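Some structures to go through are shown next.
Two complexes come next, and they have one chain in common, chain A, joined by chain B in the first and chain C in the second.
What follows is the complex of A and B.
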């Protein structure tokens, strides 16, 4: 009797286990077979001319919608520094991120870097430049002491972290003490114009913006001298949430990488002001992380 | 009666001398608000430096901007045997240097002093340099510029240098230039006759004497203007890119006080200010039907609405 009771108890436990599994399994099912989303919401970091930028990205979004069969929508993510916060609050599926925010997003949000564009000059990377007016008499780091400096934004590699790391390597750690004044212009173009006009003695900005302006206006290279250059890193990278359906991710990557091989894709690339997209990897961001570490050390010592 | 009058004059003159231990003669190249702002800071800073010590007397000369008047003003101060001469602008500075006096000279408001021939063991001072390429750059963001008019005065050396500099910069960007040389009031007819997409006004005292007339003609012709002197009275300049005059007034006072206390001018390094302020006048832009893009407006240190 005892045995039969024990057997009945074991049988009951089995039934309860099966019932529980029936309840739990439907909840767990999406983790193993993700439904492809009906829409992909992609964020964009604001550039100097937000209207031109939206126009460029609009063609790309429309092309991707046609090719993927999934609506691709775009949204601007406000300021550089708020990208991580905004990515979460807007429930984004991915974003075109500049090098430092991409590095942070890969680390903190576990995003996957998919592709990055090759610009019309054939560059697939950008560098940080530290520059001065040629007639300023500033030739090196010694001449910079006591002068005014304009950065772009605290969350840009080229426009803040690189110059900070550069100054630290050359013995300047306390910005407040070593410079007469420093401030943030909000855009790379603005930082360049500020130094050209003489509103600041030293500036930092990214090479792609600098070179584009200088190609349009030859007086810029005659008037500005580049004092320091950072290592090259991807300028903008499309990063996607790792939870996005792997088939969709693969398809998205393939469509972008193949764009320069179809007439329609080429037209869209032209509007996007890009030659083609190339594959990105997390290794591309190691240099950025190293620079960020150096810059963070300077910030921790003396504040922003 | 005459003897009493003479006696009174002698007493008055002696009384002034006993208090005015130091006399400074000042010449402005012209009665221009830019130099006026510089001078106001100069006087106030100098008075602070000598408060409670020697009294400072400042003799200010604002001659009409021409060679004879500058020369007369310089000779007058040399005849007064002032302790120091301060000049604002290139023409007044050169007029004093031409007289080869032994009185120390401090200049201010001089455009690009490194390029002006103003050196000497009794001379020091400060000036400014404005990156004129920025003016072309901002104009090009606002409208198509094929021809740029340049208003200058060939009787003022620094105005000529600014004209030459701007001409080269425009040429590098395939922009034609129209020379508008103002030597007298009749020269204003040239402004009426020339056609340009925009006009650059050099830092000339003579030109700024008739700036309202010039701007009125340009407004009728729908030609926007840029200036390197501030438009403090909002006379109608679309864009001004200038070096704030206060810093030059302060530095001139520092240099003057060192010299009055015995320092040799030749031992005081001259200085060129390169910081600038950028002002956009949106009222004027509206008048010309110009729409300032937001990314350009954020560059301004001041926007006039």
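What follows is the complex of A and C.
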């Protein structure tokens, strides 16, 4: 009899436990679900005019906010190399990065490349140019010795790493010794104008910026001579943190890739001065990594 | 009066319209002035905002790279706000010199943006960065100087515009007060004029009405009243005349009624003994053994008794005429029947061969499209027969010329059917002409003097029927003229006359 009572008691306990579990489980379930972020903070690397650039990107951010249901905020960096620091200090969720910073960020911050914009000329890649004024008398790398040179920024592939790699390949490894003077202009445009103005003999800059300026002012091609060109690499890439919710990532990618297929998206693309977005992968950055390795070797040998 | 009221209303309306148009014009002008002032104030605010924005960006510029420096995103926001502010300037201005300055200001802003971008993104050596900073700051200072200069100009324009607007408002106030006073005065003048124009004649009419009410039927409004009041006074006077006539007629009717009652009573009392006397006389003249000469006397008595009886009958007819039985009839048709009867009557010895040997010719001039009238055909026939036989009597009395009775009918423009019966007999002297319709007035030796009196009564028994008499223009004979109003319903609701 006692045995049966104990069995009954144990059975009752089990039923109560089951009921409690039934009550608690649905309440607890939402606590374990991964909530998508309410905001995406996207960084932008500076171009020629950061104000116009910011305005262009704001159209895109506004469109993405509407399409994703998540507020997309922008923050601009004053230097190309700031991106790694910003990802850590501001907890950026992603950034539109130039080739070198994208390569570094993929490697160090484990960002995922999502899409490349295709510019109005139909290009999504750029090259590094090393150029001189035609009246400088510099015809090849030998003629560059002892001259002044302007780079864009230590964190640019086209504006610094490519020329470093190029010079190293051609026997110039110690910049301080081989050149009279070298400095960083901060942007590709200012590097081009610095050479044009005669404040430097040699310059390095991105092909897309160079070509755009040259198309606007054909005299630039008459005044400047391109001495070397790098392989083509992705110009700008949207990279986002790998921890971002996969649904949101998929949605973001889909929205960007489908923009050129909707009237509203086309309007935004027009204001953003882009034809469309195309998918990007880590394989796109292999060449950049090779150039960076070459450049780093040069820097390791003789310092910046 | 109606015209005056209309003119006054038009005058007041025009005054009101003028006031409204003036007020609207003033309101529009004042609103335009206020809008311009608000715009200038807005411009002033934009300028100040622009200066503040530039100063903010300048401070961002000077503190960049220091511990007081702002985040680049904030600087970008400030610069874009500055750019937007500079662009809003072109939204309001249209004057070429100002437009030119604003375009220059916008160009400076674009240069400032460019220079700032160079400075912010530049990683060149410190000397170059300082140079870029100085260059950007210089543009910023130029923007401030230009904005302040434009603000000063705007202030001056604002001051002038305000003074002009205040002067216009003061002038407008004077005009509005003037319009108000003018409207008030015109309103008072018009009101006084109408009060005078209305109260005076109304008082006169009221006084006249009271006098008539008091029995002074001979009272007439002598004062010449203006406009519709004049017409009203004239109608009032006519009404008084008509009232007087109606009173006289009423008195006459009452008198006749009394006479009628008296005559009826007397006739009744006389007729019976007369009948008895007549029968006795006839028996005596027929059956008595009296001599023929004596019997002639008796026959004369009987003849006189017949005459007395006829007189009594006429008196009764005059005093108590039978009530007319109205039907819708064609006067020509009644006349035709009457003329036949008259012709037959005129063939009796009284008219033929006894007093004159001449035949009486009856000339008919009957209008073929005569409208119908409402009348008693029997009484009408009696009236016409009486007048025709009267004319024949008149002709018989004048044996000098061929007797002609002219009977004419026509439709008058006033809406009456007119019947005239004219003879070329001896006529009536002026003195007697006014008395022919009086009872017992006669120029005939054997007449009772009741024929024309009964005729007049019968005619006047018909609503609106009149009878008049006048000597003919050629002095030969008289013309009796009878008028009856045309049946307004054209016989639709009145029983038609069947001859």
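The rule is short, and it goes like this: the second predicted complex is superposed on the first by the 271 of 304 C-alpha atoms of A that agree within 3 Å, B and C clash if a C-alpha of one lies under 4 Å from a C-alpha of the other, contacts with A are read in each partner's own complex, and residues count from 1 in each chain.
Assume contacts are C-beta pairs under 8 Å (C-beta built on N, C-alpha and C of every residue); 3 or more make two chains touch, one makes a residue touch a chain.
Owing to the predicted nature of the structure, the values given are computational and were not obtained by experimental measurement.
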Worksheet entry | Clash-or-fit label for the pair chain B, chain C on chain A | clash
Discussion item. According to the stated criteria, A:218 is in contact with first (chain B), second (chain C), both, or neither; which is it?
Written reply: first
Fill in: Which of chain B and chain C A:186 touches, first, second, both or neither
both
Worksheet item: After lining up the shared chain so the two structures overlap, which partner does A:262 touch, if you call chain B first and chain C second: first, second, both or neither?
Response: neither
Fill in: Which of chain B and chain C A:54 touches, first, second, both or neither
second
Worksheet entry | Touched partner set for A:153, first chain B, second chain C, both or neither | second
Worksheet item: For A:76, is the partner it touches chain B (first), chain C (second), both, or none of the two (neither)?
Response: second
Worksheet item: Looking at the overlay, what does A:197 touch: chain B (first), chain C (second), both, or neither?
Response: first
Worksheet item: On chain A, what residues does chain B touch that chain C touches as well?
Response: 48-49, 186-187, 190
Worksheet item: Which residues, counting only chain C, touch chain A once they are in their complex?
Response: 72-73, 76, 79-80, 83, 113-114, 116-118, 120-125, 128
Worksheet entry | Residues of chain A that touch chain C when the two form their complex | 46, 48-52, 54-55, 74-79, 150, 153-154, 183-187, 190
Worksheet item: Considering the complex alone, what residue numbers of chain A touch chain B?
Response: 48-49, 133, 135-136, 148, 186-187, 189-190, 193-194, 196-199, 201, 217-220, 223
Worksheet item: Which chain B residues qualify as touching chain A in the complex?
Response: 129-131, 133-134, 136-137, 140, 169, 172-173, 241, 243, 274-278, 293, 295, 298-299, 301
